[in-house]
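Below, chain A partners chain B and then partners chain C, in two separate complexes.
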Partner chain A sequence: MSELQTPKARKRGLVVQEMPGEILVYDTETNKAHCLNDSAAFVWTSCNGVNTVSDIVREFEANAKGTVTQDFVWLAIDQLSSKGLLETKIEPKFKGKSRRDVLKTIGLVSVAALPIIASLAAPQSALAATSCNCSRDSECNLVNQVCPTMMCANRGMTPAFTCTG
Partner chain B sequence: MAASTYGQNFISFGIALRFESRNARLLQKAIATADRVLVGNLNPTRKRPEHTFVFGRDKERGFFVEHNDELATCGEIERGVFKYFDSYLRVRIGEFCPNRVFVHSGVVGINGKALLIPGNSFSGKSTLVLELVKLGGEYFSDEFAILDDNGSVHPYARPINMRTDDGKYRPYTVDVGKPEESGRRKLPVGAVLFTNYKENARFRPQILSPAEGIMTITPFTLPIRVNPAYTIRVLQQVMDSALIIRSKRTHAPRFAQILLQYLCKVL
Partner chain C sequence: MQYDPDQDEDEVFDEFRWSTIYRATQQKKIVEAFRLFRSDGIEPVLFKGWAIARAFPETVSRISSDTDLAVSSAEFRRAEAIRTSPAGRKLVIDLHNEFSRHDSLEWETLFARCETTEIDGETIRILRPEDHLRVVCVHWLIDGAQYREKLWDIYYLVANRPKDFDWQMCLDEVESRRRRWIVCAIGLAAKYFGLDLSGTPISNAAETLPKWLIDRVEKEWASEMKLEPLDAHFRNPRKFLLQLKKRTPPNPIAATVDVGGSFDSRLRLHYQLHSFGRRGLASIRRSISYNRP
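Then we have the complex of A and B:
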């Protein structure tokens, strides 16, 4: 793995909302939402295609965000890469190591909140979250068809009716 | 597309709609259903429609509804088809409304601010909304929070009719009246509660950050895929000024009392 890599934050297809201490990123290509904490957000915004990992470490400390190591920054970059938030995918730095071991090592040396990215997928079908409003199987037009809602009030109530899908 | 004889154009929540049918009775039923679904927010217009719904019946499909030339639903039972249309229209309006963000959520007004309880159907939000209304909360909705650019929430007050389990199973109806009569108006969002039921759970509110709030509400937000930039902007307006709480909840009547006491202190 080259320590001279200059990762670049992806901009295409992303809706970015900056908030105090956090960044929310919605990826319109995968329909996933990502919440970057302060540390992860700083690393991401520092990935400008010019900065190396060492440069990012220096900037992190210069911005009074705490003392960190290159592994700390790599932890953020690994997560950013796996979630598609960098222009090009980066080879994972900590391949073969358990996440617990990595975090333990980094956490002991770094004096800053570990970079964390929480992710969530937007549901595919808004209709799936809404009841189809059937109250009796005689009213339900979805018998023998795939029910898009999976929330039919009839489900399990009569042996003749099965909501599948 | 089936040839149509009768048709009418409407505008609802900023979306131009058209309903068509060769059968006058079906058309009237469609309009009445839409008017109920959209809580009276259905006004005649001459605007060119963006969404056309065609209602009909034929030997092959039985009763059917087409949306922009694609089959939305069909079946032998007219009532079933219109019940599905009820859900379908709500969701489509919620997805495509250009200047509001629809969120699956119960909404109750407390001390001049709104409490949002996001959740999908059958998650128990109607039950909790009902208990809060019984304790004096102002009923806004048991289904959608309609958020605007300023982060305020508008009512979507459809009547709810629930069976309460007090040993007698009698229905409880919330009479919503007309918004202008009841004085129901938009409210700023004061709190957002993410909750799910767990027997004997204690109320232990965990405060979330605005970004966590947006993340957690995303699965319940209808237009997130259709208009993500606008949606997130509006959600940020809401989350920036609201108290965002996550907690398990116990039986609704007991939980509603505890929650109300807590909110009256913090809102």
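Then we have the complex of A and C:
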């Protein structure tokens, strides 16, 4: 794990909405929505392809966000990478560790709110308003029945099919 | 949000956050769609979807999985080529040849009185509220009034209409049968969702609904089986037969609107037969032809 890595936030295919204290992101390539809390959002916007993890720690503290460690920033980067929000995937720093172990590693030295990237689930009222409740192609009874390479462009919503053949 | 050490991942169930980002995403797709068509000199008109969602309260999700755009007949073929291009497919556009299925006014009239709004610096043309309400009502009826939740579209388009909404423009420029369809659709929103029509020229719309219409709407809402494209079930005989059964006889609401019939006529059968002859057989033929090896 290189401490000199300079992760870069992905922009392609993402719709970003800033809200007070958090950022909402919709990934149009996976049709998934995420909510980044203030700490995660700051790390993400600091991932400019030039900053190392140490640089991000310094920026975090310089912006009065609190005292943090490199592990704190790595927690955010791990989550960003696993959610596909970085240009290139990064080898997880905390691979194989449970969340409890990760918390113990970060400890109380970092007093800022832990970085969280939560998946935003589509509300039931939204799903009920559509004629398709599928959240993935495998649940859809219309996919693959018309054209073998057809995929559903709107998992979880009224199906609109795109033939990729 | 709290970091939960006992979960593998964090998940948030929050309708406001979800609908906020979803609307932002829809807006981006709309802008890209307009830019794509305009790059080829085509001027589309946006309707349904996001254009309806604007009338909804912010805290209520109004999902639209595609972007409905209408273009003139003269531009339709070129627009269809754009829609099916790799860039167009990503935007999931439902393309309409004018409003021929949904309205009787001329395209030029509807186009000329469209509103415009700006999204991310792009001018987006949208049907005028009076015309949009008419089109949305007819669209819902053409679908056989199957979807109770989509009646909320009509509810909010009326409840949150602009202060200068012109009921005469909405209702009196079209033929009387079409007017009646639209008044009935609005009346259903009043009957089932409590839409307040006081002070409008159709304040008694809920009281003058034909009984057959009420009976059929309630039957459709009670049914779990909804109409799906026959094409999709051609290789599944059981589902294909169920869908054929659903269409036999055709939904009387959809059939009446499809053939320009009257909601106040005593019988529905002649409309159903006419509609089946017009669309049902063509649909089956198309399905067979599409799935021929």
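The criterion applied here is as follows: the second predicted complex is superposed on the first by the 118 of 165 C-alpha atoms of A that agree within 3 Å, B and C clash if a C-alpha of one lies under 4 Å from a C-alpha of the other, contacts with A are read in each partner's own complex, and residues count from 1 in each chain.
Criterion: contacts are C-beta pairs under 8 Å (C-beta built on N, C-alpha and C of every residue); 3 or more make two chains touch, one makes a residue touch a chain.
Just so we're clear, the structure is a prediction, and the values are computed from it rather than from any experiment.
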First (chain B), second (chain C), both or neither touched by A:Ile90: neither
Chain A: partner with more touched residues, chain B or chain C: C
Which superposed partner A:Val43 touches (first chain B, second chain C, both, neither): neither
Which of chain B and chain C A:Arg100 touches, first, second, both or neither: second
Contacts of A:Thr28 with chain B and chain C, given as first, second, both or neither: both
Touching partner for A:Leu114 - first (chain B), second (chain C), both, neither: second
First (chain B), second (chain C), both or neither touched by A:Val57: neither
Touched partner set for A:Val73, first chain B, second chain C, both or neither: neither
Overlap of the chain B and chain C footprints on chain A, listed as residue numbers: 15, 17, 19, 22, 24, 26, 28, 33, 35, 118, 120, 122-123, 126, 129-131, 141-142, 153
Chain A partner contacts - residues on chain B that touch it in the complex: 62-63, 73-77, 79-81, 83-84, 86-88, 90-91, 94-95, 104, 120-122, 209-212, 214-216, 218-222, 224-225, 228-229, 232-233, 236, 240
Footprint of chain B on chain A - complex, ascending: 15, 17, 19, 21-24, 26, 28, 31, 33, 35, 118, 120, 122-123, 126-127, 129-134, 138-142, 149, 151, 153
Residues of chain A defined as touching chain C within the complex: 15, 17, 19, 22, 24-26, 28, 33, 35, 37, 98-100, 102-103, 114, 116-123, 125-126, 128-131, 141-142, 145-146, 153-154, 157-160, 162
Chain C residues touching chain A - in the complex, by the definition given at the top: 1-15, 17-22, 24-25, 28-29, 60-66, 89-90, 92, 94, 147, 149-150, 226, 228-229, 231-236, 239, 290-291
